[in-house]
Amino acid sequence: MAHDVILEARSLSIAFGGVRAVNEVSVSVPPGAVFSIIGPNGAGKTTLFNVISGVYAPLEGSVRLAGEDVTGLAPEHLARRGLSRTFQNLQLFSRMTALENVMVGRHRHESTGTLAELLHLPSVRRQNQRTREAALDVLARVGLEAEADRPAASLPYGALKRLEIARALASEPMVLLLDEPAAGCNPVETQGLRNLIRSIAESGVTVVLVEHDMRLVMNVSDRIHVLVGGRSLAEGTAQEIQSNPAVVEAYLGIDHSRESARAVG
Amino acid sequence: MLSVSNLTSAYGRIEVLHGVSIDVPEGEIVTLVGTNGAGKTTLLRAISGVQRMTNGSIRFAGTLIESLPSHARVSLGIVQVPEGRQLFSPLCVEDNLRLGAWTHRRTDIRRSLEQIYELFPMLASKRRMAAGSLSGGQQQMLAVGRALMAKPRLLLLDEPSMGLAPLLVDQILQTISALKRDGLTILLVEQNAHAALAIADRAYVLETGRITVHGTAAEVGSDRRVQEAYLGI
Amino acid sequence: MAEFLQFFFSGLTVGAVYALVALGFTLIYNASEVINFAQGEFVMLGGMGTVFLALAGVPLPLAALVAVIIAVAVGVALHRLAIEPAGDAGVVNLIIITIGASIFLRGVAQVVFDKRFHSLPHLFGAEPLRIGGAAILPQSLVVLAGAAIIVFLLWLFIDRTLVGKAVIATAANRLAARLVGINTSRVVGLSFAVSAAIGALAGILITPLTLTSYDVGTLLALKGFAAAMLGGIGSPMGAVLGGLLLGMLEAFSAGYLSSSYKEAVAFLVILGVLLAMPNGLLGRAKVERV
Amino acid sequence: MIVRLAMRYRLAPVALVAAIVILLPLLFPSAYYYRVGALVFIFAFAAVGLNLLMGFAGQVSLGHAGFLGVGAYAVAIGPAYLGIPSWFGIVAGAVLSALIAFVVGRPILRLKGHYLAVATLGFGVLIAIVLSNEAGWTGGPDGMSVSRLVLFGWRVSGADTWYWVAAVTLLTGMVLAYNLIGSPTGRALRAIHDSEVAARVLGVEIARKKLTIFVISAVYASVAGSYLALFNGHITPDVAGFLRSVELVAMVVLGGMGSIAGSVVGAAVLVVLPQTFTALHDYEHLALGLVIMAFMIFLRQGIVPAMVQWRTT
Amino acid sequence: SAQVKIGAVLSVTGPASFLGDPEKKTLEIYVAAINAKGGVNGQKLQLIVYDDGGDANNARTFATRLIEEDKVVAMVGGTTTGSTMAMIPAFEEAQIPFISLAGAVQIIQPVRKWVFKTPHTDTMACEKIFADIKRRKLSKVALISGSGGFDKSMQAECVKVAPAAGITIVHQESYGPRDTDMTPQLTNIKGKADVQAVINPGFGQGPAIVTRNYRQLGITLPLYQSHGVASKQFIELAGPAAEGVRLPAAALLVADKLPAGDRQKPVVQSYQKTYEEKTKEPVSTFGGHAYDGLMIVVEAAQRAKSWDRAKVRDEIEKTKGFVGTGGIVNMSPTDHLGLDLSAFRMLEIQKGDWTLVPESGS
């Protein structure tokens, strides 16, 4: 199936207590791209993610995934259609080990007959083995293979961010939403993250990225969409966005636009 | 002002700080640099008294404080902006701020509130909203604001710029510098090492629970290993 | 009409009792999210303590005061010796501690007091007031007034004082509360002390109507818990509303439907309400951003 | 050593319990001990089921004794009024419990925390009220007698027989439980416990998973109830009462939420302790309360997890 | 050998502790007294009491324990019918004499070889009350009962024997075990024009509250309580509202008011004196049932001159003319209770005390 748009939000709106946190926002994400959404704090980026991923139902507008209307679908159903995400406010399975966290990520690829599971039939055993191996691979991809058997609760913040990515990756999504993955990473770690995001995109997964680290954003994004106060302000390539005066004023500030220009240049 | 010597700390039986010593002179900004899992957060928690330490001592303004409960340390003026914001999510923004001034309950907190709102106008417009409903960056502002409400003498900042938009990152760093000018002592943990070293007087590098490099901010910033490992140069 | 009124009075009487017990749950819950299943034992201590002190010749008002003080001491001890040492144990584990405490306190009461039922004199006499062909005891109104006063004070405390906010802050995020300088142990201790006082006071006020014995706590706690959840746990107004509603439900279904299934009716309604309003009548949903 | 083994092999705890089950009778001076043992196994079986719901999926039920009651009265009423054999009563009770759990669980599992607790409590109370009120069928509060279990012409009676029957059932129940938690569904349940929203965006259908585990735990409780009724030969509505539900929850928490072996230990503690404390006469309850508190204070994650942690670190 | 063991499983705590507590105290006092006098058949008694907390499953376990571990020769106890019924199979199988202290008639009907009981049956209480109602030339009654085992069983028995006694039950209500207000139920009864008297089977605090609410609503119909409230405590709790309430009860409650020639008088006076001195609590008929049970066993053993279980059982069955607190007991192979209606006295509460209602005939 060839689409020129894999994820599309049309005129999405949502309100809390009368205030529109997302106001008629439309985005079209081409497949295989790294598509970034930036904007000041409280612009509605996370909320937009929440609506797209089915955590909140939109007030107005629609969401299309791979050409199908998925507006208002529950997150678990969206997940089964290939949409996965990470969270700005970490949502780990803290009592499970890192490996188990990622194994849950494989859930949508596992067949679960309760009776077979209760009896631990060979099919279940084989499947467990496969899930485990796949999960270990993904952990290795984000550099956490050494922490596989540690409880998630005992990992440092930066590792948790990567664990969330691993968990989402394990579900082999078509579209992956990343909400501030670089928060809590130092510049060197951020560089690693950039490579990871690139490799994810290269493997054919569309990445939608929300991030405040402009070096990262300008570096990896194919397209950037700017939200301010719940509304779309601009969209374009890294260069276009950096030179857009409205964006510089509302979000980047002079220094950063220079700094990120350096990063790109 | 603050002097930590030979501090060890463990989660269960796993030791994560193996005898850390740092000094934070009065009126200076000291920054702590280290990778994920180095133990920066653990060290700050230990200084605040919310993390058990197994050995070592902490001296604040001349007195040993390692046996004081956390609330007593706050009363002395040691206040922390914790990792992960740690807000009182069901309470509204203003209540969060008021509780920040818990140890100064009897003073006039109206003025302090106004100062915080001036610093973060976005919070002013949300003062009646539950803290839990704020965006990530707004929560971070609130966490910083709440700490400032306590009128600290020593401010411990654990990644204060996390989740903030670039403009606000600048603003926070400027604020930190300004606070220092007002006489506040600051211990700063910040992943944005460039920026942290730029405003700090002194720096320590923490690697897997041990201090490996320390000196003035300029010295540490020009250390080859630090540049490679932390600055990405 | 007289019938209806009588059922209403009955609902009021029983509901006021439930409301008083439910109120006792709110503070401890607000400070720690723990449902204190020993709350019923505070009620018992209030009633039985007063009865036995009075039997020992202590004048009634003084006996009541001492009983409240004893209950408060027990509440503080429960916090100091059992809740606090358990430290970071989960909420369910802490609840099991309160269940253990409830068994323990009942065990102590059966040794210290006795296993018989006791009563206390009505505050304003046992002559019923007759209104529109129905009768209500003045003591029922006393219980209602008690609930009203307590709910008002609790509301003042939780909503209007910073200490009240500190209580909620402690439950919401213990670590953060410590980091802003709140002595969380004292706050939780305070909530146990006040809850114990509310419980004991309730016990003293309701004993003339309900009678008391060493083991009245269990069922009162059960009903009080149901009432508190119906109203929305943590909200003092909710506790009173839930209590009165539960009482009314029982009275009216006993009157109009079937007395042997009145509790079933009450619980069915609770189930129905919770399905429609998952946080009770006045409880607020938690906002948790992700 | 044992702990190490247990960590390496999924079913090692079952083997350990099996060994204890087999060796214990060597120390039994009388049939009374067999009875206590059988009771431990029966309650442990129910607790294992409840632990799947509480310890793994994180959904508290304060009404599980209701299912105990359904199972118990199925083997009482079935043979007495409907002419079905006792063994079929067990099956019928389990099916009925599953059905009830399925119907009730759908709406009430949407509730969270204490609200779920009060809803399940209400549900349990409802069952107890029906059992107590419908005296025509159930004999009312005084209960009714239960005819003996006959399997292939073999009359199951006597404490020692029940000891073995209950033990085998418990071991089976443990194996099934371990199987389940080691499976995708088990992982999904634990995930739900920690973060529902994260589980959902990974494709876990949380409503269905919760319902599944609620039904399974109801069946565990129902079978335990049937066994209890058949073993005692007489059953009263107490079996479905609120206090019994609390006792089941206490067994789970005491032994350790999320520890299958813990539930067995929790049941053993709460069945055996009252028996030993009878020597304290009037101080029995006082002591029981103290011990429960002490366990929870000093072994705060529950007995078995606390011991495992102590051994491994 | 040294000691013979007498077992008891009682609901010392829990909802029936109102009954179980005095039962336990009585057994302890009298076993000590018997031992002080040298025991029975040259052997001292050892009393083993377990508290079932009102739970039938516990009772069953303790029954096994008494049989297997403690090896008792006789058993006095089972406070509630539920507990008793749960224990019966164990004692029947072990062939140990078992004297229950619970109310329901189903314990001794059908007759079981090893099972006896001392309290009057609920059937008898109903009959006694009905007779009194008839004497007052009334016939239409309403029942309000608790939802406990005792209450429900008696309510069912009353319904069963009413037609034979010429009584019509026109309305029935019930209340929960710890209910604190019964005015809705009583309002409904009050609203039924044809009700001429009200009966309240139950024990514990419920009947006291029913009585208070009865007066609160200003109902003036005769109110009958059951033998379940036969303790001075009821009068204390119900207060002035208890005036005029009638109930069937054993002679024990009116020990001092019995005519001089009454055969039970010395027995009940002595029991009352002993119990009240030792416990500082008012006497209740429930403790009396335990006294009767223990003494029937002891006297049977004395007659058998042995503690052989089968011989003791046979002698218990042959008990004739035993004067107990509950009445004169005459057992037989077809009657394991041995009491007739004459064992019940109809009492009325006047001026805060029991008085005997004069009965024509008995």
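Chains here go by letter, A, B, C, D and E, matching the order in which they are written, and residues are numbered from 1 within each.
What we mean here is this: contacts are C-beta pairs under 8 Å (C-beta built on N, C-alpha and C of every residue); 3 or more make two chains touch, one makes a residue touch a chain.
The shown structure was predicted, so the numbers you read here are calculated from the model rather than taken from an experiment.
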| item | value |
| --- | --- |
| Required steps from subunit A to subunit D (each step between touching chains, minimum) | 1 |
| Set of chains whose contacts include both subunit C and subunit A | B, D |
| Centroid spacing, where centroids are CA-atom means, of subunit B and subunit E in whole angstrom | 74 |
| Rounded Å distance between subunit C and subunit D, as computed from the means of their C-alpha atoms | 30 |
| Separation of mean Cα positions, subunit D and subunit B [Å, integer] | 49 |
| In subunit D, residues with contacts to at least two other chains | 133, 197, 284-285 |
| Numbers and ranges of subunit A residues touching at least 2 other chains | 46, 55, 87-89, 91 |
| Interface hub residues of subunit B, defined as touching at least two other chains | 133-136 |
| Contact set on subunit A toward subunit C in their complex | 46, 50, 55, 87-89, 91 |
| Parts of subunit C lying in touch with subunit B, wherever the complex brings them together | 162, 165-166, 168-169, 172-173, 175-184, 284, 286-289 |
| Subunit C contact footprint on subunit E (complex, rising order) | 12-14, 17-18, 21, 147, 173-181, 183-185, 187-188, 191, 204-205, 208-209, 212, 216-218, 233, 236-237, 239-240, 281 |
| In the complex with subunit D, residue positions of subunit E that touch it | 13, 49-51, 54-58, 60-62, 64-65, 67-69, 80-82, 85-86, 88-89, 104, 106, 147-149, 152-153, 156 |
| Touch list for subunit C against partner subunit A, complex | 288-290 |
